[in-house]
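Chain lettering (A, B, C, D, E and F) follows the sequence in which the chains are written, and residue indices restart at 1 in each chain.
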């Protein structure tokens, strides 16, 4: 009988941030959902049965940022100072960008990624009656600042 | 002054499913997170500081399926009969597949997509101390069955 | 008026609905928030710093309907078949109307009242930087149907 | 009245409070529910089937204060230092007063208004079997203190 | 490199209940918290600073039953038909009993155990300023009925 | 007619911590679940149908620590700096130990007790198909530090 999970090594834990300084930290993330042309046109024309995709996805993304610690097991719950979620209709789909700010001992990359993901999922939900083949891709951190590791930018 | 949002057309709404039959419905979705080789090896060796990535992401995905209606504004809350979330370590990252079943008047595509997305975000969270450039992609519906529209499979 | 006289303690309990038939039930509720003229004009012009009041309040109301059993201690959790929340800008404020449908053993009055209340609170939140003296009033059930007690309409 | 004129879109955003000082802030709110005499007497006698209305509504209100950022899309999540919810049986109904305190960069008006609203909704829920025509009104901010705008009191 | 977690065997999953009949199921559970005499007397006299322990713990327990699927990873979300939580002050502490009913394809043992546990934790929270050495024990299933396995009663 | 609940004395309230210093506070708690030998062996061998008990219970405990203020009515919502949940398979069951850290004006005893309780409940859930007679006991505070009352250790 091997009980590797009981060992101190390898077990899930919420790492201790109590020694870290509460400083201003910001994260910017993006993601994309590819949408067939007729459905994308319907979104742009706000003519889908479920209603206004852009406004609804934005609100869903902002609210999801606040639920991050409920969803991601080892994320620290933290106060959020600001959230913006932007949606841009492009030629082949919709690009979502999220920006989150905190003043805390850890960063908000997960909050921004969660906002981006849930905004994209909300688009899928509202448009899926006309296009089930939509694909979500390119969810990534674009930039972060603050904390001991300081500024980071995505390559290229 | 134009108040298009107040019009009946284009406003967000949770569409009425009370006339739909409660039948067995299933959805299968997938997604992928690209991870640099050293970080991927550390995940496989279960040597990251935050602990066991695979087990934690699976639990996070299963729990997220149950939070779908809390996150996606126009999703119907519904009983869930089964959820499985599988993770496969591939050459350049980790593939997540989710399978959700309900017996209800609407499908569970969003529950499976949410499970997939949150499992992927959990991987990002646990590995981000060693690799911030991970990218999540290919989140999509693979297959659904049940309901009036019946069976659907992703192209190719 | 029936006041089933329970045991002497009068302790809180979630009453048993297991013997009640799952039938289609609907509830319609309304409420109003009085807003000073300049602020109301800013809402109508969509020029408040927090953004689009009408779309945001509608989404908040719909999502709140789904959180009712989390908020109201003795409410039964139930599947919701449909939710619509309408907002009408009137001369002295905004009127919110909510309509909720379920197929279950108990009604959705609380879900519709909660949707109405949270939509009104969201309006307050978004406009409070310009008007702290807004007052919410007239939250009430307009109509319900379904269940053993059948149709009910508010007097006058 | 300040209406920072933002970009043309008027999109929803959680405004940035990272530059604001964390100071002690307090908000006091009230609301009222009109209840028919026989039902009000039953509440006072604690003889309703659902149990003790006053104690249950108080707890519901306190707990709701903590859920405010989950419900109101653009509210900042924040630590809460204190919550009290008082209920007073008056001649024609019940008056609810809530008092919330934080030490943060933004105020707690919404937390107090949410506590008040949910306490009132809980009363409705517990008493609705005997009186469906109850009306909730007069939900408003009575007083706030702290922050850059300092003390504010409701007119009259 | 061994990836036992990826194997079908041993991985966490929400088991499929879609083939099970929706029947009336009930579970009764209990638990106990040992409390020092002076603190127990203060609870009985309702003189603790945090207020009415019995009423608050009851509400907390009822509400927790509804949060079970949010807390316990592999629990199925289900409609709840009834919840009662009873508290009895005994010689050396407080006994909590919970009773939960559903009409669904799986039982409500976890809902009743969660209600019991959270009611006991609430007592601890409210009384801990006067007694930190309280111990919670004897949380167990007393009785269940319904479903394929039918009636079950705790031994002795 | 006595309305003691309306009196200022004895009513539930979230006590004011705004005057307390934000210092590092830590709490350690434990609890135990007695499990029949065959079921305990199956858990150790990771051969239960619901999957990996130890890893799942650990994640559930960590996530529950973050939900404490949602569950326990008068608990203050607070940032959490660290959570660890350890599980040890003993001769007659599984012992759960939780450690929680915050930097705030109040302690985290309830967060650690909630983590412990939910980890134990998760074990019950995953193993109940083979043993319904499991009993949870010995949930208690082992040690706390920080705050005005400083260090405290459980007797013996």
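In this text, contacts are C-beta pairs under 8 Å (C-beta built on N, C-alpha and C of every residue); 3 or more make two chains touch, one makes a residue touch a chain.
Chain by chain, the UniProt names read as follows: A, B, C, D, E, F = Cyclic pyranopterin monophosphate synthase.
This is a predicted model, so every value here is computed, not measured.
Asker: Going by the touch criterion stated earlier, list every chain that contacts chain C and also contacts chain F.
Answerer: Shared contacts of chain C and chain F: A, B, D, E.
Asker: Take the average of all CA coordinates in chain C, do the same for chain D, and state the distance between these two points in whole angstrom.
Answerer: 15
Asker: Taking each chain's centre as the mean of its CA atoms, how far is chain E from chain F in angstrom?
Answerer: Averaging C-alpha atoms per chain gives centres 13 Å apart.
Asker: Can you work out the whole-Å distance between the CA centroids of chain B and chain F?
Answerer: Comparing mean C-alpha positions, chain F is 29 Å from chain B.
Asker: Touching two or more other chains, which residues of chain C qualify?
Answerer: Those would be 11-13, 15, 52, 55-56, 59-60, 63, 67, 70, 73-74, 79.
Asker: What chain pairs are in touch here?
Answerer: Applying the touch rule to all chain pairs gives A-B, A-C, A-D, A-F, B-C, B-E, B-F, C-D, C-E, D-E, D-F, E-F.
Asker: Spell out the residues on chain F that touch chain D in their complex, using ranges where they run on.
Answerer: Within the complex, chain F contacts chain D at residues 1, 3, 5-6, 11-18, 69-70, 73-74, 76-79, 104-105.
Asker: Using the touch definition up top, name the residues of chain C that touch chain B in the complex.
Answerer: So the residues of chain C in touch with chain B come to 24, 44-45, 52, 54-55, 58-59, 62-63, 65-67, 79-89, 101-103.
Asker: Sort out for me which residues of chain F touch chain B in the complex.
Answerer: Within the complex, chain F contacts chain B at residues 52, 55-56, 59-60, 63.
Asker: List the residues on chain E that touch chain F in their complex, please.
Answerer: That would be residues 5, 9-13, 15, 31, 46-47, 49-52, 55-56, 59-60, 63-64, 67, 70-75, 109-110, 113-114, 117-118, 120-122, 124-126, 128, 132-141, 144, 152, 154-155 of chain E.
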